[in-house]
Amino acid sequence: MPNTTYIALIPLLPLAGFLLLGIFGRTYFKNTSGMIGTSLLLASTLLSLYTAYGYFFDYGKVNGVYQKLVPLQITWLEFSKGVSIDMGIILDPISVMMLVVVTFISLMVHIYSLAYLKGEERFPTYYAFLGLFTFSMLGLVISSNIFQIYIFWELVGVSSFLLIGYYYDRPSAVAACKKAFIVTRFADAGFLIGILILSYYSGTLDFNTLIQKLTNPESLELKAAVTASFLGISALTWGLVLVFIGGAGKSAMFPLHIWLPDAMEGPTPVSALIHAATMVVAGVFLVARLFPIFALSAPAALELVGYVGAISALIAAVIACTQTDIKRVLAYSTMSQIGYMMFALGVSKYGGEDGLGYTASMFHLFTHAMFKALLFLGAGAVIHYIHSNEMKDMGGLRKYLPITHITFLIACLAIAGVPPFAGFFSKEEILLAAYHHNTGIYYLALITSGLTAFYMFRLYFSIFWNKPAQVHGEHHGEGGFAMMMPLVLLALGAAAAGFIPFGHFVSSDGNRLNSAFHLNFSIAPVALGLAGIFFAMWLYKKQNDRPDKIAASLNGLYKAAYRKFYIDELYLFVTKKILFNLVGRPAAWFDKNVVDGLVNATGNTTEYISETIKGLQSGKVQQYAMYFLVGVIGLAVLFIYIWKF
Amino acid sequence: MNELLTIMKSEWVISLLIFLLLFIKLGKGMKNESLLLLIQVLLLLNFIGGFFFNTEGSLFAGMYHSTALIILQKNILSLGVYLISLLFADWFKRSEHLTEYFILMLSALLGMFFLISSGNLLMFFLALELATIPVAAMANFDLGKKISSEAAMKMILSSAFSSGILLFGISLVYGATGTINFAELPAQMNNGPLHILAFVFLFTAFAFKLSVVPFHLWTADVYEGAPMATTSFLSVLSKGAVAFIFISTLNKVFLPMQEIWYNMVMILSILTMIIGNLFALRQQNIKRFLAFSSIAQVGFILVGVSGKEPESTASVVFFILVYLFSNLAAFGVAGIISAMTGKENVNDYKGLYQTNPFLSWVLALALFSLAGIPPTAGFFGKLFLLTAGGTKASYLFITIAALNMIVSLYYYLRVIRAVFMDKNEEPVEKLVVNPSARLGLLICGAGILLTGILSWVYDYIQSLC
Amino acid sequence: MNGSTIIFYLLAALILGSGLLSVTTRQIFRAAIYLLFTLIGIAGLFFWMEYEFIAAVQIVVYVGGIVVLIIFSIFLTQQAGELLPRQKPTRQLFAALAAFCGLALTMLQVNQYTFSKTTLEATEPTVANIGRQMLDVNENGFALPFEVVSMLLLAAMIGCIVIALKSKPQTT
Amino acid sequence: MNLSILILLPLLTALAVLLARNNNQVRWISFAGATAQFILAFVLMYLFREERIAGSTQQMLFEQQYNWFPSWHISFHMGVDGISVAMILLTAFVVLAGVLVSWNVTKMTKEFYFLLILLSLGAYGFFISLDLFILFFFLEIAVIPKYLLIGIWGSGKKEYSANKLALMLMGGSALVLVGLLGVYFNTPARSFDLLLLSDTGISREAQMICFPLLFVGFGVFTALFPFHTWVPDGHSSAPTAGSMFLAGISMKLGGYGCLRVATLLMPEGAKAYSTWIIVLSSIAILYGAFATMMQKDLKYINAYSSVSHCGFVLLGIGMLTQTSMTGAVMQMVSHGLMTALFFAVIGMIYERTHTRQVSEMGGLLKVMPFISTVLFIVGLCSLGLPGLSGFVAEMTVFVGSWENPDPFRRVATIAACLSIVVTAVYILRAIGQTAMGPVKESYLHLTDARWNEKLAAIILIFGIVAIGTAPFWLSDLINPGTELIMQKIKMVP
Amino acid sequence: MMEPGLYHILFISATLFFIGVFGFFTRRNLITMLMSVELILNSVNLNFIAFNKYVWPNRLDGVFFTIFVIAIAAAEAATAIAIIINLYRSHHSIDVENAEEMKY
């Protein structure tokens, strides 16, 4: 293996950008910060492409199997012998793939933002945060140690928080960023405990060792982890489920998804980067990272992953059909697509053909990054033009935003699974995997896929068709080259990425996986997708009252879906009513009145006693003498009769 | 005869001073200022002289004895008198009976010297009276004030009563053992009921002088009514002298009754600390406040007393020294303020720091020392008392003592708070402190700061025990 | 029962009886007189025990000195012929109780204890013996206490002079 | 290195402050003193590492012993191990920042700085003493300055708070005192010398009595539930630097004492009572966090969160594994820096907005970007963001706690882990309502931090980030110390 | 009746002592209180002499004690009376119940 320590530069360059712009940006790089950030990231991107090339085509493969390489590892914090947080780089197909995805999308967003956020007061800060995010995300994907991943996991969370709260003076943005952070934080607590469990049983935090120890049926560690049980479930399963909770939080899986729609309060490019293409797939990535353990040692946990993914996919799709804020529609669609990836992992097995789900999941991750980023950036262009997120303010924009329109359409086709766009390929593989291993999930996925097509085209038609074209003032067109170039590049990706023979590179065990293309199998989902598209066209291509009628006829369901199945309210109830009112308030009350009260009571009692016995000191000298005599007699009696020696 | 001079040197010196003052009084030629200065110089010389030409030994067939420790104790008392002469200069200067006051004070001091040197019960009794009766007269020296006479009356009657009890006890001891010599008594004492009874009578007389609860009730009234100088004399010197003889008597004469007095001391110590603290909590008058606080301090002294020799003696002597500095400083400040403004209430001290930072700092130091806060000497004093007590005591006892320190801190802080924190529209005006009083306060302050940290002070005391 | 015994009991009765009256009578002069009787009774008891010197001192100092002092002070302070104020009955009750308990305790212990006379040779309490020892500085000498008492008397005198004789009456 | 310099330097500074002629001199003298101390602390760390690298395996380095009260076997025995060095560094950081932050105290400036420096003297002395008597001496030395700082320069119900603080701390030290005496009298050596005592050992019966006394006594300083109520009131009433010292240094005295005195000397006691410690500290962690959630005053928020965070210290100690103890020490350092910074920021905000009520602020990020950024950083540190010190410390405690397979401890650890969520809730609420949101009209004229405030913040942030990004230097420093304690504990049957 | 001896005298003295104590507790006039004190001191003298005579005739300790106690009693009485007179001057009353300005 050649010297690959330069890989460390990939995350470090954005970090440098963050520090540089964060500390000096406001004073020195007021206008140039965007360029600085972008160029640093460009370097990063090139480096990761180079790395990917090197890994996939040069040194990564040994004896036909892609290896897990650790070119760099330093001990960062040693807890005890063997248990240490190491900062390292791991190179394996998924991390390399993620490197490329993250840097590429991030680069696109950087470029796009140059125009999108031009003239903003906190422009340097924005680029600093982007740098921080990119650094964290890259650090996350190359983590060689489970604690390292947790560290970057948290960093990703915080940069997401910062970016969502970028418009800090909007109360809704503040609320959204808090919500995002707290919900993911809650999930992270699970992750943390999961890490603790896994590390305790395996005695290590290092991924390679961990996986090795917990997948080898002979190892004592695995035996211990499997035999130890709590509530009838083995410790290992608990650990993995808890880790998955962490992943589910970040990946907005049901029921921890509530933060994602709100997170759309951030600038649209940020949504594209974080809440569509990269960060939200971290959960998928995490499960993929630990996939051998899931698949080999704790199938029950993996099954849970599958069901959670499928349910999330369906629910999100249903909700997406009813939302009117275009970014929210996209957000739910993201959730739905990530659900796909999750259940794809959930239905997968380790190794060989059975590992199709794994490959498919990664493949979908890859393609999804392209078209979802594209969708968001396109939506951004629309919003940039309209200054509104609401569908009702839009319509007929295809004339004014031609490039946006085309690229958006490509993305919609891709996500709807229309061949030959990228989404088609990855989705087919997923459905295939599900079909083979869990038909229940398969049918759920099928419905979802139809719904996906429907709501995407509902979106598409509402924006670009529906109403007659309106002139929106004296407008600045589509936002120039900086905004259009990413759209075009991503559209190319969304159109063509499906043709990459993904299984050759990424598979559960590193072996080459040839994905066969089953034409017959594809008919059902494609048909369903097309049906969805046409239904959407029927409803939304022209302005009419059909949608309202349908909505009215489905009153209850529609309302429930529109209100996101009241999950937010449920959370609100739990936090406000239970945590705040039933725990926090009593705790504060208890502290103030009981604990503190006791302290004060001690003082008051002392004073009270002091007041009560003041009569002893009556000022009467005769009484003093009497006490004197009583004291004498008392002492004498005590020591003569009672306390004898 | 030479021996008589050298061994009893300190007593001779004091007697000489008394007579000198008498002559001066008869001569009637001096103004108060110069007279006071003369007295101060004489007392300083007396204190310094106390360190030289000392001979240990015993006289009058053991009736009087002197050891290095006793000499040290006497020096401590001399120092106290000297400081009092400095601190209350304002009051003295205005006094019509300056000479008489000092004659009485020196007589009382002489009584204390004899007291701690006494070798038999007769000497003990006489010296105790000599150390008490003049003080009662001294308490009345604010002649125009009713409370001063009231205080003196309470003091003389109470002490007469306690003398009666003491004498009854002595008579029983005498009857039971046939001797009044300290040297012969231990062989005769035992834990028989009559002995216990006699011992209790004796013990309570000590307790009375030390203001141990429940024999303490005279203390606060007398302290409040008496002139500040008398109060400080009473609270520091009388208490100190009695504590010195108390601990040596317990450990030498009543050694056979060790268990009994140990438990007695323990019970009374706990009572004293608690009651003293509880009463101190709600006092408004600074003298009364200091009176109760000094009662609580006695409780701590008793903790030290209850310990094993020689640690107990060393710690008690050390504590008395520290206590002398601290209490005199506190009384000194209170005395200056009282003499100049007539204000004696804690509330009057509000905002004192704004006008009189020097007095405030000295007062604060003194109170911290009394509360046992490092780095003041009081910290070491209290800690050594507790440690000495720990040589024998139970955890419970020490814990109670330690917890009482919190209560005492509370009320000391009350004064600190008034001085430093509370706002006051009309604080005590800026006072011009008499130079000698300033000197006295500085000495006290230095004593408070240095006595503890310079460990050789304690080690010296320990080496003598 | 011989004469000595009778005298003893008479003296005892005198002492205790007038002692009790002296603390209970409500006329202050009578109280002083009863006190005088008690003191004389005690002097008599000293005589009875053949401690003539002590008896003499008792009479000289107490009867001649202290009681006279007390009577003078009564003259100085007493308003014409008033009865002494009565103490609260509860106080009286508790005082009596406390005193009685003390007495009972003391007598109980004293009576339980056997005082056995020493076998050592007796020193006669003659004036000569007393005088010699009083000024002796050696074994059994009491020169030092003598000096101490003289200092005490001096101090007391000075104190009394200052307090009692010279003061401006201020009633505040 | 001669450790007495660590005490002498503040002493001299304090004296110099007393002699200074005007406020400006006072400030600069204090600043110079604090800076010198700061440098000295780093020098100490450097020399310490050099010694260790050179292979010195002694428990304590730079030992020095002067006789002091030989009759009680008390000696002025000083020495440091990694734990002490870490704590000294912490003190140096906080003191320097505290001095800077108080730059514009105008009321009785001289006294203010004098007391501050006296407080730091107490802390330095405490951390280097190897004799229990001296340890106690320095422990108590710091109480009165705290009282006066709060009482004179404080705000709100300052007298009440000052009193409460002084009395509760004295109560704690009273228990410590009894415990120390118990130790003293229960060893054949009759000594207060820490090393000697730890070598000779203490009888089991004595440990059963003295351990709780010492632990609770020191625990009061570290806000051991339910003796924590001085914390909110005391911290909230104190002036800025006072709160910084209180939370940053003073609370650490307790944790250090629990570890260095109680646990090291009485491993059997520690083992026997560890369940109780864990119960109480877990309660403190969760309960403190929940109580924080309901607070509306920024200082109360930080004060209650300190209760919660210091719970980790005690939890780490109570878990009795080496990692958890290392974590406890790291948490002390981390929390010290973080909370000092937090209070500094609150002070800066309060000085400008004249309110500490969260609900009355908003959008400060706009008018004071620097201060708000610092607020963000400290908030993120508090909720355990990786890269900042809080994360490292808490994780070490968690991992350490998890090393013990006892189910009860597992439950406690999980409870503690869950607290990080609650922490996130209250920190984000606080930040969200103060720094973010629409800016108030009346705040538009407010200014950002001045140079002294910036410097103070940067110093503390430097510490926080240094630990957060390169924790190994700290853990390397601490580990040998905790290892030794662990050896003692392991020897217990 | 028995031959009078030590115990009889001790009884007398103890009784006298507590009569004095009783008087001290109940008399409101300061001078009568002082008289009670004299009773107390006298009873002690009786004790000393009785012990000296009946138990320890070998030395004259008891006798001397008595002498000195008498002297002390004189000094004490003198001082007390001086104080009482002073109190009377400022107060116009020597009722002890009126001299309780300082309390609590």
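Each chain gets a letter, A, B, C, D and E, in the order it is written, and its residues are counted from 1.
Going forward, a residue touches a chain if its C-beta (ideal position, glycine included) is under 8 Å from a C-beta of that chain, and two chains touch if they have at least 3 such contacts.
This structure is a prediction, so every number in the text was calculated from the model and none was measured.
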Those chains that touch chain E and also touch chain D are A, B
Common contacts of chain B and chain C, by label, are A, E
By C-alpha centroid distance to the whole-protein centroid, which chain wins?
D
Of all chains present, which has the mean Cα position farthest from that of chain A?
C
Tell me which has more C-beta contacts between its two chains, A-C or B-D.
B-D
Between chain C and chain E, what's the gap in Å when you average each chain's C-alpha atoms?
5
Between the Cα centroids of chain A and chain B the separation in whole angstrom comes to 76
On a C-alpha centroid basis, what's the spacing between chain A and chain D, in Å?
36
For chain C versus chain D, what separation do you get between their C-alpha means, in angstrom?
69
Quick one: which residues in chain A touch 2 or more of the other chains?
603, 614, 617, 619, 621-623, 625-626, 629-630, 632, 636, 640
Where in chain B do residues touch at least two different other chains?
122, 126, 129, 133, 136-137, 140, 143-146, 152-154, 157, 161, 172, 175, 178, 193, 197, 220-221, 282, 410
Taking each residue of chain C in turn, which ones touch at least two of the other chains?
91, 94-95, 98-99, 102, 105-106, 109-110, 115, 118, 140, 142, 145, 149, 152, 156, 159-160, 163, 167, 169-171
Chain-chain contacts, ordered by label, are A-B, A-C, A-D, A-E, B-C, B-D, B-E, C-E
Counting only contacts in the complex, chain E reaches chain B at residues 10, 17, 20-21, 24, 30, 33-34, 37, 40-41, 43-44, 47-48, 50-51, 55-56, 58-59, 61-62, 64-65, 68-69, 72, 75-76, 79-80, 82-84, 86-87, 90-91, 99-104
Complex contacts: residues of chain B adjacent to chain D:
311, 314, 368, 373-375, 379, 383-384, 386-387, 390-391, 395, 398-399, 402-403, 405-406, 409-410, 413, 416-417, 420-422, 455, 458-459, 462-463
Chain A - residues contacting chain C, complex
622-623, 626, 629-630, 632-633, 636-637, 640
Given the complex with chain E, which residues does chain C contribute to the contact?
1, 4-5, 8-9, 12, 15-16, 19-20, 22-24, 28, 31-32, 35, 38-39, 42, 45-46, 49-51, 53-54, 57-58, 61-62, 65-66, 69-70, 73-74, 76-77, 84-87, 91-92, 94-96, 98-100, 102-103, 106-107, 110-111, 115-118, 120-123, 125, 129-130, 133-134, 140, 142, 145, 149, 152-153, 156-157, 159-160, 163-164, 167, 169-171
Residues on chain B engaged by chain C in the complex (per definition of touch)
4, 15, 18, 59-61, 63-64, 96-97, 100, 103-104, 107-108, 110-111, 114, 122-123, 126-127, 129-130, 133-134, 136-138, 140-141, 143-146, 152, 172, 175-176, 178, 192-194, 197
